[in-house]
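Following: one structure in structure tokens, then a few remarks.
Letters are used for the chains, namely A, B and C, taken in the order the chains are written, and counting of residues starts over at 1 for each.
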Amino acid sequence: MNIVVLAKQVPDPEALVEISAGGKKLEIEQKFATNLFDEFAIEEALRIREKHAGKVKVITLGGGKATEVIRTGIAMGADEALLLEDEAFLDGDGYATALALSRAAAKEPFDIILCGRQAIDHDRGEVGQMVAQFLGLPHVGNVVKLDIADGKAVAESAIEGGKEIVEVQLPAVFTAQKGLNEPRVPQIMGVMKAMKVQIPKATLGDLGLSPEEAGLKGSKVRIEKYLSPKKRPPMQLITGEPMQAAAEAIRILIDVERVI
Amino acid sequence: MNFALTDEQEFFKKMVTDTVDRLVVPKAREIDEKDEFPRELWREFSKLGYLGLRYPEEIGGMNADPVTAMIFYEQIARGSVGFAQSVIMNILMGTYFVFRFGSETMKERCLYPAMRGEKIGTMCFTEDQSGSDLSATRTTAKKDGNEWVINGTKMWITNGPIADMATVLATTDPSLGNNGLNFFLVEKGTPGFAPGQVLDKLGCRGTVTGELVFDNVRVPEENLLGAEVNKGIEYLGEILDEVRVMTAAMAMGIAQAAFDEGLEYARKRVAFGKTIGNYQLIRAKFADMATEMEASRLMIYNAAWRIKEKMNCRKEAAMTKMFATETCLKVVDEVTRIWGANGFAHEYNPQRHFRDARFLLSGGGTHEIIKDFLGRMIIGKPR
Amino acid sequence: MDKVLIFVEAKGDEPRKASLELLSEGRKLAESGQYSVEAVFAGKLSDTLKEKILGYTERLVHFTDQVLEHYTAQGFSLALAAYAQETDAKMILAGATRIGRDFMPRLAVLLHTGIASDVTEARWLENPMTFVRPIYGGKVLAEVSFSTFPVIVTARPNSFGIEEPSLKKGEIVEKQTGVSAEQVTTKVVRIDESSQAKVDLTEADLIVVGGRGMKTAENFKLLEDLAEVIGATVGATRPVVDTKWRDQTDQVGKSGKTVSPKLYIGAGISGAIHHIMGMDTSKVILAINKDPNAIIFDYADYGIVGDLFEIIPAMTEELKKRLGK
């Protein structure tokens, strides 16, 4: 069973993010973490390998701190890694990123691609599905349980108000949702291996891509500028008789905030 | 010059930080309240392999350089000083002399299990009347045939009451002062070796600390941990600097834990319609704390680098221990002030950091002794 | 005129609100004279549903292929891609629902174009057309534009208003897109309706917390009942735990559990800093307290000043009504 995990290093969820240069740039506190959902993907890949043998390869795209996500994967137990390091890969939209990652994943035969349901920086939640489409494969999104047997997978996908149980022939793409597993704490042997690992790198040329197809240049959607969200409005008082107020509160929670 | 951590060290720091956040931080409060050795956490943590941090890879260690080791010490102390004390004792002082001088069978029996967390080690210097002044050591070791006979009482022994093995400082002749000192390995179960009183401490709770009694304890000749007799003080010099810088790293761990609490509070607590982080006097506290912590860390990494390069750093290590600890004491104090009355409540963490920090004052040498040593070193011998 | 396709999703006989919002926006696009707008629906279309959609569009295209009867990402994206190519659509919209977010990215790849996911604002009629979407968990918004056509967008529910349906009903067109069963390689085995096991406080999306104002341990039954209806987890403040009304594991606050649910309902809670530090990152906070000066109202999005012993049971009843339980 060859399993590819697409993972991303993102700013720590608690990092301060501020807009600068009149909305053209973001200043982000230099604190990083492996994207939470990708950690579930790595853990699931390792568990599948432990059950069915094979190898786990972690692929990431990015410069600078991007290597940390690969090292984290190796520390947890991944066998191989690939870093898409070319400057030209950077700042892409979902399309350009998925195109590069799909090419990288397909460099060698695989049975399963796992990734997080979304990266918590740009919150797109597009790349897994797009990789699947680029490779002409099925995908199952928001996976909270995954069983592999006889070249098939049975995946439980979290849907509004329940779970959808989906059967799919491999190879296929799965995007991991919270609840799939509890990622392991790496052992020091893994950490040491990860510290020393020479990370193989791929350039545009290695993936058969031209500069016009990758990163910002290859993007179909571009960020024009950054804006500040509206300030949280002051508390809204719900008035009226208890029955009325209760009904109004429920209406707001269901229809306006949509949290129930 | 290069002041940056390497990519590898940065990654190691991240891994340790995550590990401590997941395993240790959630237990810190309970460890402090119960004041019992957290055996379950010990088992869970030692499985990860960090206890072999400093030792060669051939024997299952990680062969970490001193800078990397300092990163570890700081992070584990950030999680829980009580737990960190026990862990670091096994990593450094509690096993060093067995590693350095022990026979292969002794290592099989003591060192390797300690690296796996199956045995708990300790190091016994302090006595009721001697701590920083080791020449006043009263515990004696007398040669009797091919055995050593040890007599005396040790105090303030980290892991003492639960130790499976102890590296004991004893003198062959009290009149020789520093030149009569030697280290001996004494294992649990040896007749005459018994734990005594367990100390009820202000901070650093969860590490069991206490008295160890040696009453005609007989150990074989090979248990003298040294190439020559009466050279103990020289061998101690091999790790003294590292122990001091380690203490400084622990100080930064406590300081960082307290600092983070202070930051959270300053960002959330509202007074006069604004979060208190908006007030200049609160901001000034953070500016000062962050600056001094930065300076402490630079000193720690510098001293660790000197140790790695095998450069003399007796002075730097002493300065680092003192400065980082004083910084830590200041930070834990300021954070309890930022927290206002809540800083005085047992329910919150700042008081724990406040208590824990004071532990570091004596570990690695009191600041009175260190200052005297430094002053003498700088001014030179009086004429 | 450029073609706009709006993918309509429904639950039973009701179009999803996100779809109605987009159909309402679609009307504005049609009124501008620059666009001709079509609603697109796949799967079983009841007469009631048909009527409801037709109140919002001049033309509803119903994909009738067998394989589209149930949702699959492959089936829906292939069908919509085929139709978009046939009609040379310039813009394709869907709600950023579970389904919209699941298959629309595949559609973008099929049409060699980009997608703006989960947008909260749209400037359809400006040149260039721009969309706003939250990033970094909503800490920042990004304004994005497209360099290719068609423009594909999923819009976050509640981002746009819903207009009244018009009396003039549009036409309906049935369409076979030609997607075959072989092209769909996932199979939905079954759907499990939520069997809500107790979720831990730190993991729960919905939390109901009681404070000292609950008065007795027995009164927590009121919160349990409310929680039961929506699958929420019940928590408590420190004084409640100290008086042993609730277990220590239920404690929300600095020395208890730090929670960050989608919805936090606090009843009879004053808002001590201890508690605030454990819950202030909750997405939506509703506080109920009889004291209008309770500090918790400073951190709440919604507040009800009143007697929780009347309000909580009333909320439970209302929820049962609304959720059909």
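Convention: a contact is a pair of C-beta atoms (placed from the backbone, for glycine too) under 8 Å apart; a residue touches a chain by one contact, two chains touch by 3 or more.
Note that the coordinates shown come from a computational prediction; the quantities given were computed from them, not determined experimentally.
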Review point. Chain adjacency by touch: line, ring, star, complete or other shape?
Key: complete
Study note, to complete from the structure: By Cα centroid distance, the chain farthest from chain B is C
Point to revise | Selected interface, B-C versus A-C, where C-beta contact pairs are more numerous | key: A-C
Study note, to complete from the structure: Per-chain Cα centroid nearest the overall protein Cα centroid belongs to chain A
Exercise for review: Find the geometric centre of each of chain A and chain B from their Cα atoms only, then give the gap between the two centres in Å, rounded to an integer.
Suggested key: 40
Review point. Roughly how many whole angstrom separate the Cα centroids of chain A and chain C?
Key: 21
Revision key, fill the gap. Taking each chain's centre as the mean of its CA atoms, chain B sits from chain C at a distance in Å of 53
Point to revise | Residues of chain C whose C-beta touches two or more other chains | key: 298
Review point. Among the residues of chain B, which ones contact at least 2 other chains?
Key: none
Review point. What residues of chain A sit close enough to touch chain C in their complex?
Key: 11, 13, 17, 19, 26, 93-95, 98, 120-127, 129-130, 132-134, 138-142, 154, 156, 159-169, 172, 178-179, 219-229, 232-233, 235-239, 242-243, 245-247, 249-250, 252-260
**Study point:** Residues of chain B touching chain A in the complex
**Key:** 7-8, 10-12, 14-15, 18-19, 22-23, 47-50, 52-53, 57, 62
Check your understanding: Which residues of chain C touch chain B in their complex?
Key -> 238, 254-255, 273-274, 276-277, 280, 298
**Study point:** Complex contact set, residues of chain B against chain C
**Key:** 29, 264-265, 268-270, 342, 347-348
Revision key, fill the gap. Chain C contacts chain A in the complex at 17, 73-74, 77, 97-98, 101-103, 105-106, 108-110, 113-118, 130, 132-148, 157-158, 184-194, 203, 205-206, 230, 262-263, 283-284, 286-287, 297-298, 300-307, 310-312, 314-315, 317-319, 322-323
